[in-house]
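You will see two complexes here that share chain A, one where it goes with chain B and one where it goes with chain C.
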Partner chain A sequence: MDKLGSKTIIGAGATFTGKIANARVIEVHGKVNADLTAEKVSIGEAGHFNGAIRAELVVVSGHYEGKMWAGSVWATSTASISGKLQYKTLQMDRGAALNCHIVHNWKAKGGNLSNSENSDQDLSLLNDLNNAKTSAVPSSPKKALK
Partner chain B sequence: MLEKPHQQIHNLHDDTTYILGDLMMEGSLDGGNHPVVIEGQFNGDITAIDVIIRENGKVTGKVKAKTSVIDGFFKGNLVCESLTISATGIVEGDIQTNDLSIDLGAEVIGSISRVNSKK
Partner chain C sequence: MFGKNSVSPMAPPNHSQINEDVRIRGTITVSEPLVMAGQLEGDIKADILHIISTAIITGDVTAESVTIDGRVLGSIVADKVYLSATAHFEGQLLCQGVAIDNGAYVDAKFTKEPVTNG
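Right, the complex of A and B next:
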């Protein structure tokens, strides 16, 4: 028992359909159709996962289809991923098949749906505006005070 | 040290499905020809060759198995060939089984009957 800790395993040959919550470490060797929030998810070579994943670390060696928000993603050489992938760091081994929309996430902790490119552009625009204001605004009130 | 028999049989293996920790699952789980061990919470249907609900496990719904061991909590409809309810087990609902063992201390509320197909 102690060796297992709190690692949940969906065994090879098992099929699960539904919802998974409160998972810490989960390993998928079977077929899963579910939405999942966890700390660490690994999908084994024989594993099939269908659905959304929000996790800190996702290791994919099997098939994944869905929307994924992850801190780190590691796609091993046997991985095949389709859908959408939003990540902070990504490792992809030679042989991994990524057939999906990939978005790099600068600061959002998983849940942010906004496109990072857009938000960066918005930020730079805001900065420009602020700079313009700071350069223009302080001079006039000080002058007015004097 | 004495281990419970099912802990000896079902050692770490990729084929076994383990639902552990604070995990909450809702839906239907088919373990196929492999055992399912539950220590978390599960709402829904489980079908597997062996279904083991450990002491902290909580299952609500339907369970269909060949053999089943309940150390935890089960509520719902249970159909299996052989069932063991241990001293810490709590079972509420309808049980259909051909081979039943209930340890002293177990809490069983509901109806118990045979599986129709075999006598």
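Right, the complex of A and C next:
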């Protein structure tokens, strides 16, 4: 009992409100109303998450509403996402419901992605190119969608 | 990165656990067993609660039964409370029954209460 696995689990019968920081791997099966910083987040089929997420990898099978800054996002077939999604790589399974503002961002603006393998210089160049092509990329993620 | 095997099938577990690296500010309400190992500033309502030795809780704890190995600063309302030798508890305790191991640090006001947990 004293030895926990490496992950944090919010079980199906749990309701959580507040702010979660430094969760390495977290699984959400209950209702969470929170701002979350983590490395890997999974929202289970029964899970409801409301709030901001900053993470390297987010797997959504349940309901998500809020602003997400993620390295990789995987929306499985049962996912429903609304709000805003800022990602580097995105996978969406057949059946996933995305009702949200989706921004592909090479540079983790406003996000807190700890391990970006590429150097910032290369990224800013790419970002500039991106911005030149599509002016729709908002300069500040905080401004949009509020 | 998105390999099917990288994430375990999402069978909802029948308990919750908060890992030791996690810092939380807020409220947790759980209708099932909860194992707490992280730091919490806020309140917990749980059924069966285990506060393990790495946990630091500043706030109020309400539960049916509580096992404490870690630190709790605040009030505890519970039916049964067990403070192990590594426990550190400062505050107020309202409970039906309490057991304290030799070595536990306790600086608290005790009140025997009928079962009044949420």
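Convention: the second predicted complex is superposed on the first by the 105 of 146 C-alpha atoms of A that agree within 3 Å, B and C clash if a C-alpha of one lies under 4 Å from a C-alpha of the other, contacts with A are read in each partner's own complex, and residues count from 1 in each chain.
Just so we're on the same page, contacts are C-beta pairs under 8 Å (C-beta built on N, C-alpha and C of every residue); 3 or more make two chains touch, one makes a residue touch a chain.
All of these numbers come straight from a predicted model, not from anything done at the bench.
Clashing of chain B with chain C is the outcome of superposition onto chain A. When the two complexes are overlaid on their common chain A, residue A:Gln91 makes contact with chain C while staying clear of chain B.
After overlaying the two complexes on the shared chain, residue contacts for A:Ile9 are found with chain B and with chain C alike. Contacts of A:Ser42 after superposition: chain C is touched, whereas chain B is not reached.
Touched residues of chain A, counted separately for chain B and chain C, are more numerous for C. By the touch criterion defined above, A:Ala34 lies against chain B and chain C together after alignment on the C-alpha atoms of chain A. Contact with chain C, but none with chain B, is seen for A:Val59 once the two complexes are overlaid on the shared chain.
With both structures placed on the common chain, the touch criterion links A:Ala21 to chain B and to chain C.
The contact surfaces that chain B and chain C form on chain A in the two complexes overlap at residues 1, 4-24, 26, 29-30, 34, 44.
Put simply, chain B touches chain A in their complex at residues 7, 12-36, 40, 44, 48.
For chain C in complex with chain A, the touching residues are 1-2, 7, 10, 12-32, 34-35, 37-38, 42, 50, 52-53, 69.
On the side of chain A, the complex with chain B involves touching residues 1, 3-24, 26, 29-30, 34, 44.
Looking at the complex, you find that chain A touches chain C at residues 1-2, 4-27, 29-30, 34, 42, 44-46, 57, 59, 61, 72, 74, 89, 91.
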